[in-house]
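The letters A, B, C and D name the chains in turn, as written, and every chain counts its residues from 1.
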Amino acid sequence: MMLVVGIDIGSTYTKAVMMDESRGVRATAIRRSGYKPAAAAAAVYEDLLANAGVAREEVTYIATSGYGRYMVPFRHTQITELTCHALATVYHFPQVRTILDIGGQDIKAIRIDEGGRVRAFRLNDKCAAGTGAFLEKTARYLGLNTGDIGPYALRSTRPVEISSVCAVFAESEVINHLSTGVAPEDIMQGAISALAGRAVQLMKRVGLEQDFALAGGMTQNAAMVAAIAAKLDAPLNLPPQGLGQFNGAFGAALLGLRRAERLQAEGREIPPPGSEGPVQAARRWSLFVQAAQEPAMAPGLKALKVLR
Amino acid sequence: MSVITEGLDARTTGQRLVNQWLASLGTARARGQPVAYVFVMGNAIEILRAFGFEMVFPEINSLQTGVRKAAPDFIAKAEDFGFSPDVCSYVKADVGLMLSNMQHPSGIRMPVPDLAIASSLCNVYIKWAEIWERRFGTPAFVLDIPGKRFAAWKSPVGSPQHLTDARWVEGQFRDLIARCEQITGKKFDSDRLAEVEAHVNEMIRLWIEILAFNQHRPAPYNSMLDGLTYMGVLNAWRGTPEGVEYMRLLHAEIAGKVARGEGRVPHERFRLVFSGTPCYVNMRRLIELFESHGGVFAASDYLTYAAGGLDSAGLFYDTSRPLESLAEVTTLASQMGLSNHFFSHHALAQQMKDFAADGIVYHGIKSCRTVATSMADNREYVTTRHGMPTLYIESDLIDPRYWSDAQIKNRVDAFFEVLEQRRNLQSIREC
Amino acid sequence: MDYVAGIDVGSTQAKGVILDEQGTLVSKAIIDMETNMGTAAEEIFQRVLESANLQASAIAFTVATGYGRYRVAFGDLQVTEISCHARGALAEFPGTRTVLDIGGQDTKAIRIGDSGEVKDFAMNDKCAAGTGRFLGAASFALEMPLSELGPLALKSTKPVKITTTCTVFAESEIIGHLAKGHRPEDVLMGMHHSIATRCASLVRRVGLAPEITFTGGVSRNHAMVALLQEVLGTPLNVSAQAQFMGAIGAGLYALDHARAGRQQREEVVR
Amino acid sequence: MINDVEISTGGTDTTMTLMDVLERCFELAMRTGVADDEQPGVIGYFPVYFPEEIVHAAGLRPHALLGGGNKLEVRLADARIGSFVCSICRSTTEQGLNGTLRGMQGFFTQPICDAAKHMAGIWGRNFPAQPSQILALPQNVNSAASVRYVYDEYQRLRSVLAAQVGHDIPDGAIRASLRVYNENRRLQRELYRVRCDDPARLSTVETYLFVRAGTRIRREEHNVLLREALRLLAERPVRPRDKPRVVFLGGFCEQPPLEMIETIEDACFIIDDDLLIGQRWITEDIAADDGVDPVWALAESYVERSASSPVQYDARKPKEEMLMHMLRDARAEAAILTAAKFCEPGLDDQLALSHRLDAEKVPYLVLEFEEKMTSFEQMAMQVETFAESLLFH
């Protein structure tokens, strides 16, 4: 009996999936990443073990993903979330060729082949109001929780247009609409529609090949799913019930399982966790730039002395 | 053939001329007329006209998408195609046009070019021409016109430096003529060039006087509203009898207003200089914000550079040596007018003086580095050196996403409060 | 006895003051912006009236300022917050030649001439984080109230350099630094430093001239005050009423008009 | 921190190790300022290319202005430049305003783009003591008149510099400079060849540091360093590694931070690039024989035998074809197309190139950077994914 774990340390949430040889999900766990992702990963791992009722020694292989993938000392390997999403999606939906992943800080569009290999991908332009954070900010203005965004927006009858590329500008638009008495659900729906537009634009840049799938936290937002599907004029495949947020972790677990199986098949021993550190052979010249240039006075420090 | 009818005013005549021009673009292909794409700065229109080209101004096409409220769709198409939000919105609107089967919101299906001339006066022109090269297979003709090398650059007519630069421009004109001969199958006709130049000379003379009319108080027209319509006609009909006729009409009308003391703004309170490019989607709104405070744009650097620098060289074509003279005037116009954005502090200060203006309004364009890169530095210099009240506002050429009405109104209102306070102080001091 | 009111309707808060004939502050109030600027203006007006124990009829003149100045239905006149902040700052610190106001939407630097007139002003570019909103992003990323940011920042010994100028991406940069193991106080100090630098740049845009008066709610943040003094190289005036400077300035403009109106009436009577 | 190691232009210092040479180059490369009393006098120029030989022949040192990097704090320049302008214009202005470049005796920019042209105006308004000019290199290099015009403009530069140093710059001096620079470009080409043949022997960061060091010293000294580096590289022990071979585009003007190159190299071998392309703009030796007008030779090389970049149009060098050549010559399997934020020419070309690579089915990665960026996590994720997609399966 082999158990593998995928942990996806994202900027907002850390997610973990435990999988057995049948590729069935045994347990999941999730926590806010906060600003200590290593600690969050350790805690989520504990949660996961508890949820599964499994002891630490029973886990064969651990693969990490997400922006904190290098921060987990007890991993066997790390892999980027894009590769993970591709693997997970093609596992669930073999016919999918374009994946959209709307995250808190960025949107990713990924084109894959039938083997789940990433063929092309794009992240949103830096100045685009197209990130989940924009939606959360709008929700915050309207006094909504993130989870309520979808149901709330679905009540909209006359969505407003939010046209700004820049999220800061978009925020002014939101304030402006609010102050003129536009119904909050219409603003929320406007924001969703704007974000969906940005997302589809990004998908066009990787080729817009059918079928489509949505990954990440937005899969739980019915209004967003509907808005994107409408803009694409095609249905969106969604990860199986409850697995949307865990797509990355699921992909990491899948890849971990594949590697562990290969090692077993080749009759090789699975190494202890933590043996794969970041690859850093070459000298990091960038670390010495500050020293090579004139040591700049940290201007914050003098102010500090004055105040103490 | 002429649409100029006795008794019509300049406005109606101008509209008719623009419509006629657009219509002829729509039929150019069918008539087998060669088509050139040109920009408003540094374009060798005289040569093209001598060869009988129809002229498409992609800048005017793009600004028209803004005026006709189609810009967001066109820009979205270009961004879908992969263009960055940071790229010039004129370029994106034009790409949008290409991706819309050349169907322009004016109702005209724009012809594809046989020739595209991009001058070096705006580097984006060149990148833009590269896009056509890829799309239409029309090789770009890059016309390098050296501008000012530094702020105090003087290149007096006939000086060795002027002749050196003019020789370079002339050399390229000769290349262009060869290209035109190849495209049209016609021989270059120097007399025809001289004829076109004679028309331009007359237009230059009238244009310089029209610009000067606004030194009168009250200003007879608003540079950044009426002036924009004058310029459209002037560019499209440059070097033609119709263009001269229109300018004469316009000149007479404005002269009449000056004589009668009619101002554009009923109660002119503040005279302003505008620096930068208009925001064509919201220009009426912007002017309204200023006019509601009795502010009028008496002058603008835009009326120089977007009119091809016609007024700036102070030099007319010598029709006895048309090609050499074309190179000399083009070079000088580029050095004294069209490359002014980079060193505009002197020119603006001069305009403030000539037009007895109360302040300068800088309009920074998000996606236009040609006019806007150092505006803030320029403003700082003009404010500190000359003690002039200035206002800096920012939006875009035609992308409404960068227009924030509340913010701009706030700044404009505050600027007029500054001007009022300053005037009150002045009158107290004078008492 | 006549009173005047100054109402400052901003994007995140509405502030109101009532002044008496001498221009003395009689009452003040501040509320967070709910959904509608018009109703917020009404509400703030009621609050200042209540706390001054006055009827609306006692108010001779009302000047509205701030982004929502045209939404104040009962305002007699609208004046931009540029003029109002300058006026308010001058009233308390007559030596003021430069005003810096860090607001939620906009940061403004205002240059004042020797006769008290506004000579020049500059507002931040959208892309440049010099606004209070930048602190809002930090507050959210650190899950910590705004008022605690300054004190925590002051505990920093090794400020981290924040390079993002865009508010939207500031949040992710903060998270990134924290994830790398930087201490929250160091990240916060870096953040404060970044804002101070942007604001100083704005002040330079209008030509830095002492005295400088710092207005707006952020002036209660000691770390920010200290840093601004450091980067500007000059002490700052900070009023206890810093948040109300715009409203007070509006009140003072209202007073001018009330006085002028009375003079006119008296002339008519005569 | 910086030791000014005296390097004789004669024989080689046999005690130096490769790391010594690298450290020396690193220190030079990262220098941002120009000392007030620096000898010989320094003429600063904005990217991309500059006819350094003329400055060199005048007895001055040409100094490539390469921005402020990600350690510079921009405090003053934000008040002068729009927020939609690229970082290198901003940081260069900052270095002017904060005094770092006070030691320069002149400032030249060129019509590579609209923002760069504005730099002459900014410099003239703020630093009147430093003569500042646009060297009007032509955007049209396809005319029969092009060489003559470049020649005229170079002669203008020559007389400006002659006036500055107070004596004529004789042809002989320019020929001598051409020889020094010919040697320098040969050495740079050799360096690039070593990396292309064996990227595990010489990394791109190292190549970059070697080349960049030359922008801070006289070329004679740089030649000594490069010769030494090449000799020591040949002896360097090499451990082969399996990474995809890629080409890197986007470093012709604003410079990507070292961290960015390191991040890419963690996952890929960069086999060819356009980093500091202006330093090796002229692709073949320039005639330095007596009897040939050296300024004409320099101008002719600029027009006839030069590299390409997004900021110059040349009908003979379609950008897509240049990239396909580069990929072929480097035997690279993929391309990394980068552009500096707000760099319009770079962004336009990036799009055109990506369309071509789509058509050719060459994998590529698009990245946007700023010289001032300090966070590379997201970039690392993209680069790793890209490498994973090239290597796995």
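As a working rule, a contact is a pair of C-beta atoms (placed from the backbone, for glycine too) under 8 Å apart; a residue touches a chain by one contact, two chains touch by 3 or more.
For clarity, every value in this text was computed on a predicted model and none was experimentally measured.
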Least step count from chain A to chain D, where 1 means the two chains touch: 1
Pair joined by the larger number of C-beta contacts - A-B, B-D: B-D
Relative to chain D, chain with the most remote C-alpha centre: C
Euclidean distance of C-alpha centroids - chain C vs chain D, Å: 46
Chain B-chain D separation of Cα centroids, rounded to whole Å: 36
Centroid distance [mean C-alpha coordinates] between chain C and chain B, Å: 41
Numbers and ranges of chain C residues touching at least 2 other chains: 125-127, 205, 231
Residues of chain D engaged with two or more neighbouring chains: 70, 73, 79, 82, 84, 341, 377
Chain A residues counted as touching two or more neighbouring chains: 67, 105, 125-127, 166, 169, 172, 299
Topology of the chain contact graph, where touching chains are joined (line, ring, star, complete, other): complete
Residues of chain D defined as touching chain B within the complex: 79-82, 84-85, 89, 93, 111-115, 117-122, 124-126, 131-136, 138-140, 142-145, 148-149, 152-153, 156, 310-311, 313, 315, 319, 341-342, 344-345, 347-349, 351-352, 354-355
Residue numbers on chain A that touch chain D, as the complex places them: 67, 79-83, 105-106, 115, 117-123, 125-126, 207, 279-282, 284-286, 288-296, 299
Chain B residues within the chain D interface of the complex: 81-84, 86-88, 91, 118, 120, 122-124, 126-127, 129-131, 134, 139-140, 142-144, 146-151, 161, 164, 167-168, 171-172, 174-175, 339, 341-345, 364, 366-367, 369-370, 372-378, 380-381, 394
In the complex with chain A, residue positions of chain B that touch it: 72, 76, 79-80, 82, 84-86, 400-402, 404, 406-407
Complex contact set, residues of chain C against chain A: 11, 35-38, 68, 71, 105, 126-127, 133, 140-143, 154, 156-159, 166-169, 171-172, 174-175, 178-179, 184, 189-190, 192-193, 222-223, 226-227, 229-231
